[in-house]
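Here chain A shows up in two complexes: once beside chain B, once beside chain C.
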Partner chain A sequence: MNSRIFGIMRKEFIHIIRDPRTLIIVLAIPLIMLFLYGYALTLDVKNLSTVVYDQDKSSLSREFISKFSSCGYFRVIRYLESNSEIKEILDRNQAKLVINIPINFSKDIVSGKPPKVQTILDGVNSNTAAIALSYINAIVNDFREELLEGRLKVENIDPEIMQPIKYKPRIWYNETLRSINFLVPGIIVLILMVLSVLLTSMTIVGEREKGTMESLVVSPLKTYELAIGKLFPYVLIALMDIILVIAVGSFWFKVPVKGNVILLFFLSTLFLFCALGIGFFISIIARSGTEAFLIANILTMLPSVLLSGFVFPIKSMPPFVQFITHFIPAKYFLTIIRGIFLKGIGIKYLWPESVALLVFAFLIFGAGALRFKKTIE
Partner chain B sequence: MFKRLFNIIKKEFIQVLRDRRMLFIIISGPIIQLFIFGYVATTDVKHITTAVYDLDNTKQSRQFIASFKNSGYFDIDHYPKSILEVKRLIDSGKIKVSVNIDKGYAGKIKLGVPAPVQVLIDGSDSNTAIIAGGYISGIVWGNQTDILKERFNKLGWETTLRENLENEVRVWYNPELKSVDFMIPGIIGSILMINIMILAAMAIIKEREYGTMEQLIVTPIRSYELLIGKIVPPIVIAYIDAILALIVGVLWFRVPFMGNILLLLTLCILFLIPSLGLGIFISHISRTQHQAMMTAFLFLFPSILLGGFIFPIENMPKIIQFITYFIPLRYFLVILRGIFLKGVGLKYLWSDIWPLLILGGAMLFISVSRFRKKLT
Partner chain C sequence: MDEVRIIAEKLTKKFNDFTAVDNISFQVKRGEIFGFLGPNGAGKTTVIRMLCALLDPTSGSAKVAGYDVEKHPEEIKKLIGYMSQKFSLYNDLTVEENVDFFTGIYGSPEKQTLKFKQEMIKRGGLEDKKKILTGTLSGAWKQRLALICALSHKPSILFLDEPTAGVDPISRRQFWDYIYELSNQGVTIIVTTHYLDEAEYCNTIALMNEGRIIAKGSPSELKKLKAWGVLVELECKPVAQAFEILKGCPGCSDIGFSGMHLHLRVDSLEKGEFVIRALLDKHNINLKRIQEVTPSLEDVFVSLIEEEEKKKVKV
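Moving on, here comes the complex of A and B:
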């Protein structure tokens, strides 16, 4: 028996090595993806292109504008000369924010009458706009406070009275709110998922398509021997990928690993079995390579991006969809990997997710074993 | 010549139609994707799980907490008894925000001394944390204003001195900041690209893999006839998919459609060209379907992630921004969103149309000029 499994493994290894493209793909792609996306994918809002229509042109209005340009979130790229330019510049996508300062801005402030500033925001990208909005509010409130301070001195009022609530926000785990710390663990999950499914989804259907399944059928191989032999090489490759991406994530991108690396590695392996199992299962039920690819795309990769909490918060989804996310292994693994990376929590808090992955792995391999027959249709 | 071409197209269509399962996947896939994206791909931040640790437990502190509830963004369903429990809740991921009010909150407000309030935010999801932080600042600001109003009323003042500046925020194109309006046009673009690329690449490579290319070689069919015959069914299918997706997006998800539908459908064709070129190109450099798939992925993944589908291109490093210039989807997304949400016409879209034309022309030229009715 052992020698039979070994034979299949060897055959698979030879397949992999003989097709150097596959080998390059499985080793280089994860790294390229991690580097590319680690740098490119960011939800941070900075240098948002901003135009200003300053009708007042006073030192106060300039001070107001400089609040925007000096915070780093906004970059003033142009000053407008007329109202009619506003629409065109937004329509043309040349700026995302317009600050419109009325003509009596500074006079009104001095006389104690509130001037009406208008900020027009391009809402097409709702997320960027929501973040920008909170920055705008913070800047405007800051400016208000400064004006207030001056006023209080004039009126001779104790500034403490103006601050009835002293509010201190404290950010835990990701103190600087770098989106990269949030996204890199997600990218790692994605890479492992995509790669494992891609690797295994062709194993069985490939044999079928090439007609070599027939020669396997007549061999004395048992079904489970074939399955183990076929999957083992990919397990090894994927394990290497795990080490690779975790190392790059923490050493290169400086995503803090606050928790236990050994635990992370173990739970990654657990996830790996889920992903390989899915690919294997697809390979069994698909009748052609194209079909396998499409099923893999629709059933695994998209949900892993969308339903796992990679970028889209699960809590914002409709209840029915939230229910579906319970069947997505990437969701559990993402909680695990972020928990270990950023929060530094251990198995004490992560055991529900770990059990879920374990159950999923058993179910998917069980389902595969049931459907898998060493037969030709 | 047209008869031969017609026959090839007929053969290809029969092949596609005969495989029912495949057909089902092709037609239903995009619709499923659209529904998933429409309902799932929301970056809206709401239902933030929140705990309240209120040591003061007075009318004032409860008022403060009520303003969190009333904002509609926070779901308060945890009332921890100790700071340790707060930590445990955040650690286990059960809550994202904890509002901690110390003893003496109400007393300090009465005295006119700043009353400290601590808000803990789980920053591991930076995006949610930033937006939630914005909401919280707004809520605190509102509370402060209320208290000040009371205070100044007692003094007989009419203002609180804080209304020294009025900021009227207007959000254009997507006033409610619904992320579905941002996502749906994007998914239509991706569906078009994915389908046409894969279908075209597979149609050609299949012939080679099954060994039926040899039979085609001995027929009088010309290379270009074969090529056109091969790509017509993918184009038709992808186009039908796009129209289906458009209908679902507008009628079901109520994404506003401000622009010209004919312009959009015309520009869809323009976008098909580079995708098609890429599909044919992939069929060149791959020998098996398996390889073609992997190669397709090499192009698809970056296109979707770097094309501005979710992540804004403006925020990417300069070098990667440069790479995005070669991604056709990048331009098409601007066009789609421009027509959908902004309702702009050709005049404003031109700067994104000509790069598509150039990219499409170049890709089609490279791939077609290499297409031969050959075995290897």
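Moving on, here comes the complex of A and C:
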């Protein structure tokens, strides 16, 4: 092997081993991020705190309430005694849903006069509210159908008559609709991005701050030798982290990997080069370590969360913002990793994204090399 | 031994409107110790950077070991060693690892250099410090290590950029002893400094100011350079008051302090003594002693730069 590249590599490995902070970054950051995001960031509506103002207190009203409390999405935390409590409990943020059952609930049902049931949802978080609303509708419909079926049986009418259409919804790819299945691949993208950029953003600017850059530029070392020698150790580290996060994602969070793991690993490496390239570029343009850290955060963390489709669908963004997302490598990799994890699709459908990553990697390293030559002077 | 290793012709470097190096020419022979002396910002480092092929000259040309700095930077980089004032070593690497690293990036094959490396470490007296982290070494030891690293690929030309800044006098002397040894072995040495005593070690000094070489020669030649008048040393009391009075005295120039005494330049010792004694007597200042002295480099340096300033005012 080229002894110059080898010399740089050996030195870089020694730096990493001597500095425990690097090892902490390499091991702790991916795990902390994975667990933090994996547990805290959930889009599922579960155990929504619910209060009930049951004015009827009959067996039918209790049955109606139990439909809510037994489904897992709602948790009845209190029963109210008066109408005036409703506003206060919502204002105080003690409950997100109020179910108000009128006084003649069961009597009206039995006599065939539809009672008026009221639900009040806290709509501050529109997302949660919309999901909760769909659950409420489903529960109420269910209850309605049960009542109807009972009555038709009493009247000896075939209940089938009430169903002009038979409807069977099926969901593909993420059958149980666990949002964690959707999020974990995204978190992996985020981790790889943040980690690679963080590790490499100090490589060149660090030499400059230590004053050792001069020794390097007066030596016969070529730019590509410096880049390869410096980045290789971090490529190895990042590859280990890819294995780590994919393993934790599939074994701990039980996110199924339906596609080819080898392909996943290979395309992750491609993405890795984009991320390392960004870090390397930042390291070249930054004048100090602090500046490098700031640029790294602004340039990678925010776009990778906001503009990659990690949580927020790109298709709902205004056209201009959608245009910007074309320049975010995380966006392409997210499509790839979700495709392989959840859909089990292969390179046949993922090649456009793979090519985009390849082009990005070439461009960022090219820009870095050009810029590097200038900064020496 | 008279082989010319470095030739610079009308070398100029401009940064936008600012001319850092202004039309300088010089030659350095094999085994010569060539010093650039000048105040900060005189352009010394820019010259070195051009000779190391890190900066392209705006105009003019330079050849190092026969290679043009613009056309063959890679060849030059293989031949030269470079040591800067900042001791650019890795503090978190051990002494030996630093030497290994610098040997590595110069692409020297391991087997040949292994013996040489041990020799170098031994020569630097760093044998028992091989496994010590560089960051814990004192300034003088770091300087030795930096020199070893700069020499690890056996360069035939060595550039030293303010090499002994922040090093104690004894270590500085040892350092220069070693530089002489290298020079005897045929290594060409280019050094920049603003320490005048350090410049005395050089075979040839180029005095630089504002990008130009204002004088060049051996230290003894430079000291004789000033043809006008003689340099005298005065011992008088109170010295500060005498300085103020003599500053405006006609026939005297280049006045300055030298320790507790005053140095100034006069036409001749007899004439000067007469004028000075008369003037000081008038102010009741006691002149204990006046005598001619050989100018130090500092005196030459100060008067040359003052002359330059005067020329500039006239223009």
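As a convention for this text, the second predicted complex is superposed on the first by the 363 of 377 C-alpha atoms of A that agree within 3 Å, B and C clash if a C-alpha of one lies under 4 Å from a C-alpha of the other, contacts with A are read in each partner's own complex, and residues count from 1 in each chain.
Here is the rule we use: a contact is a pair of C-beta atoms (placed from the backbone, for glycine too) under 8 Å apart; a residue touches a chain by one contact, two chains touch by 3 or more.
In this text the structure is predicted, and so the values were computed from the model without any measurement.
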Next on the checklist: Looking at the superposed three-chain arrangement on chain A, would you call chain B and chain C a clash or a fit?
Outcome noted: fit
Checklist entry - Which partner, once the models are overlaid, touches more of chain A's residues, chain C or chain B? => result B
Checklist entry - So, does A:215 touch the first partner chain B, the second partner chain C, both, or neither? => result second
Checklist entry - Nearest CA pair across chain B and chain C in the overlay: distance in Å? => result 14
Item to check | chain A residues contacted in one complex by chain B, in the other by chain C | outcome: 19
Item to check | In the complex with chain A, residue positions of chain B that touch it | outcome: 21-22, 25-26, 29, 32-33, 36-37, 39-49, 64, 90-93, 109, 112-131, 133-138, 140-141, 143-144, 147-148, 151, 161-175, 177-179, 181-182, 194, 198, 202, 206, 209, 288-291, 293-294, 297-298, 301-302, 305-306, 310-312, 314-317, 320, 334, 337-338, 341-342, 344, 348, 351
Item to check | Touching residues (chain side chain A, partner chain C) in the complex | outcome: 2-4, 6-8, 10-11, 14-15, 18-19, 210-221, 376-377
Item to check | In the complex, chain C residues that touch chain A | outcome: 52, 54-56, 74, 77-78, 80, 82, 84, 86-93, 97, 100-110, 149, 159
Item to check | Touching residues (chain side chain A, partner chain B) in the complex | outcome: 19, 21-22, 25, 29, 33, 36-37, 39-49, 90-93, 109, 112, 114-131, 133-138, 140-141, 143-144, 147-148, 151-152, 155, 157-158, 160-175, 177-179, 181-182, 194, 198, 202, 206, 209, 287-291, 293-295, 297-298, 302-303, 306-307, 311-313, 315-318, 321, 335, 338-339, 342-343, 345, 349
